[in-house]
Amino acid sequence: MSDLTHLNTRGEAHMVDIGEKQATHRMAIAEGRIVMEASTREALLAGNLAKGDALATARIAGIMAAKRTAEVIPLCHPLPLSHLDVELTALDEPMAMHCQVRAETRGATGVEMEALNGVQAALLTVYDMCKALDRGMRIEGVQLVHKSGGRSGEWNR
Amino acid sequence: MSDLTHLNTRGEAHMVDIGEKQATHRMAIAEGRIVMEASTREALLAGNLAKGDALATARIAGIMAAKRTAEVIPLCHPLPLSHLDVELTALDEPMAMHCQVRAETRGATGVEMEALNGVQAALLTVYDMCKALDRGMRIEGVQLVHKSGGRSGEWNR
Amino acid sequence: MSDLTHLNTRGEAHMVDIGEKQATHRMAIAEGRIVMEASTREALLAGNLAKGDALATARIAGIMAAKRTAEVIPLCHPLPLSHLDVELTALDEPMAMHCQVRAETRGATGVEMEALNGVQAALLTVYDMCKALDRGMRIEGVQLVHKSGGRSGEWNR
Amino acid sequence: MSDLTHLNTRGEAHMVDIGEKQATHRMAIAEGRIVMEASTREALLAGNLAKGDALATARIAGIMAAKRTAEVIPLCHPLPLSHLDVELTALDEPMAMHCQVRAETRGATGVEMEALNGVQAALLTVYDMCKALDRGMRIEGVQLVHKSGGRSGEWNR
Amino acid sequence: MSDLTHLNTRGEAHMVDIGEKQATHRMAIAEGRIVMEASTREALLAGNLAKGDALATARIAGIMAAKRTAEVIPLCHPLPLSHLDVELTALDEPMAMHCQVRAETRGATGVEMEALNGVQAALLTVYDMCKALDRGMRIEGVQLVHKSGGRSGEWNR
Amino acid sequence: MSDLTHLNTRGEAHMVDIGEKQATHRMAIAEGRIVMEASTREALLAGNLAKGDALATARIAGIMAAKRTAEVIPLCHPLPLSHLDVELTALDEPMAMHCQVRAETRGATGVEMEALNGVQAALLTVYDMCKALDRGMRIEGVQLVHKSGGRSGEWNR
């Protein structure tokens, strides 16, 4: 038998039974960053100046992806997010855009997958917007920062 | 006006016109890794031994996500992949699972977004499978490795 | 700061926090119409006579779209509809097909977006069915008619 | 038999055979507007000032919906858009936001459904953003403006 | 190594390379049936009499599912259907509804998966419509009937 | 009026009102099989030996499809599965692969559609993996085995 909860007693992938878990308030915060050339970031922020669409596009991508996490991650339970917020900020060391996503629900399982998936979609959208300038951008440090609610309690990095 | 191709002359996000581009053979290879505790990786590989479902789940997630990239990345053109391959291998320094995705199409625009999205989905699925053991896993180094086809020619990291 | 609930305190789009809202019975009714040539409507109704597929297709489109509203409207919360009904009727002044959708749920947020999205999908499907006859059809008067449940109480046009 | 191309010889809904049609450049422009209180529009435009997210959200919704039109409209053929542009502008008579979408492809069937669906999604997203202020907004005049390419040639309103 | 084309040389699932295959006209016909009590079928056909919605719903489900086959079948290539037709007829021995789907495309790979998936979705929709009357219905004989186009040529059952 | 619950009093398809139903624990088990040549099954099981991907792909397809059942079956209510398990076993009489899916939720409506849809997707994925060897495979006996929870109580085949 396996230590992996996502394998059943036959060693096969399954969607874990959460039927007995309590519906409680759950929250997760995840983050990540996309490292880029200084000139790329300058172009991104300048392009954003006109109407704000460059960063808004990435935020919207993060929000929409987070809602559909269970369609992408095979063994992830569907759950209705009650709150989602995506924040993109410029980082200087290294030259990067940083993304933080906060997800909340009232349900029987946690929302860390939704938060992480939102981060990845937002950062990859930044890559898409800038890729004609700089194909070498790199997504780094995608990780959970905080998690609360449910039996396992609070977790902080 | 902006240097970002994804903003139109009004500074607004749009889906770039590729109507004049040639339909040629296009290929992209992307990679990334998820860094984890030694004990987590041991459990993952042990759990995989029984039926192979642990890594297969991640590979399938990568393939299925790559096909739907244009649903997730707002300004990405839909295109029919002609080939997709996801490879997951164990890395020791640092202790990690490495993912490489190779995507191909015959079309008017490149497939780097599909390759990168496949990498992210596969790695996030590994996170999902192992998260009960180790919430601190970290996705790193998601980047393009190679790109060929189209007017911009070949690109290698 | 903004009067728009869908912008957070930084002025950025986010999915509003509904975690504290009560799960109550919610209902919304929306309507709209598609204005067309008399001859187009005659063909639509005649075509429908054979097996009923013309109007059934539009009703099904409205139902299926309403269920997926949160995939289309970026900041809309996903919610499980408990009831949905789409009604299409002929209107004579102006010559049109009228659509009314009634949506219900038991949840923490309203269902007006689902009702409106159902109306739009049903009417656009009518457009699709008839467009070879009449490209000039026009969708008009898509609006909320009634809303009840939740803290804001009942609203009627 | 029916005049409706979307019913087969048995009177049943089907997806029309376009196998013999030429793959040519196709373009469609559609428009519509959402009529609102002056104070609502003022709040929308003021809220947009901060970061631009209010209108960007609607533009992105229009783009993403247009790409997925064939998932919503039952008998619509899937086709890969080569270009999509969504424009939102303020109208004063009546007080409204106007939306215009231009869609292009190189394919065997037209893109008017994609353009119209993009208009509807963008306008409904504006409704969603403003609905806490004004439930009485109304979507009007959703219609095709221009269509070119294919055997049926150019069409202008 | 494996005889299964869907496993790569490492024995891992992948999406087969079809980049070298010719884009030709491809067609597939698939069928299946749902066996039910005589009284159930009577109720289905009687319910259909009113507006035709019962069978139309199943036909539409088959069409819409066929278009999205590559989202459901992990290693199936996305391809744009150029024609799709779903036919439902009453069978008496055994008492059943029979479904036949004909799918066509012009592309580099066959459409049998689309035809089969359309059959399954239409039959399962019949199950859904009748299940309150008869939970014991059974789907049988889902199979390919005909396939043409491409290097492997014509195949008939 | 009709005996079909999915037709409203006007004889039109609608999504039944489940607003008054109790949220209770619901479970359903469904099964089916795909009949194939002995040599095909041998190749499938041999191909599975290497890394297990052949059967894992089918299991994952079943799980992911079950979660999205309400997108495929037009009048099916969306509901969040709390548990899903897909089992594939070899049958000898007739030579086949057998699939059993067990689905559970805590909600206001049953999960038999999810279980049946999971069976169909898993079996069709087996078809896809083996179709280059054997186009004549046949899906048989897709049916409900057990259902419990809700007002209608327990049902067993």
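In this document, chain identifiers A, B, C, D, E and F correspond to the written order of the chains, with residue numbering beginning at 1 in each.
Assume contacts are C-beta pairs under 8 Å (C-beta built on N, C-alpha and C of every residue); 3 or more make two chains touch, one makes a residue touch a chain.
Composition by chain, UniProt nomenclature: A, B, C, D, E, F = Cyclic pyranopterin monophosphate synthase.
Just so it is clear, the model here is predicted, and its values are computed rather than measured.
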{"item": "Chain-contact steps, minimal, separating chain F from chain C", "value": "1"}
{"item": "Chain separated most widely from chain C, comparing mean CA positions", "value": "B"}
{"item": "Reference chain F; chain at largest CA-centroid distance", "value": "D"}
{"item": "Centroid spacing, where centroids are CA-atom means, of chain D and chain E in whole angstrom", "value": "31"}
{"item": "Length of the line joining the C-alpha centres of chain B and chain C, rounded to whole Å", "value": "36"}
{"item": "Length of the line joining the C-alpha centres of chain A and chain B, rounded to whole Å", "value": "15"}
{"item": "Residues of chain B engaged with two or more neighbouring chains", "value": "10, 12-13, 51, 53, 56-57, 59-61, 64, 68, 74-75, 80"}
{"item": "Arrangement of touching chains [line / ring / star / complete / other]", "value": "other"}
{"item": "Chain-to-chain touches, reported pairwise for every pair that qualifies", "value": "A-B, A-C, A-D, A-F, B-D, B-E, B-F, C-D, C-E, C-F, D-E, E-F"}
{"item": "Interfacial residue positions of chain E with respect to chain F in the complex", "value": "1-7, 10-13, 32, 43-44, 46-47, 49-51, 53-54, 56-57, 60-61, 64-65, 68, 72-76, 112-113, 116-117, 120-121, 124-125, 127-133, 135-144, 147, 155, 157"}
{"item": "Residues of chain B touching chain F in the complex", "value": "51-53, 55-57, 59-61, 64"}
{"item": "Chain E-touching residues of chain B, taken from the complex the two chains share", "value": "25, 56, 59-60, 63-64, 67-68, 80-87, 104-106"}
{"item": "Touch list for chain C against partner chain A, complex", "value": "8, 10, 12-19, 70-71, 74-75, 77-80, 107-108"}
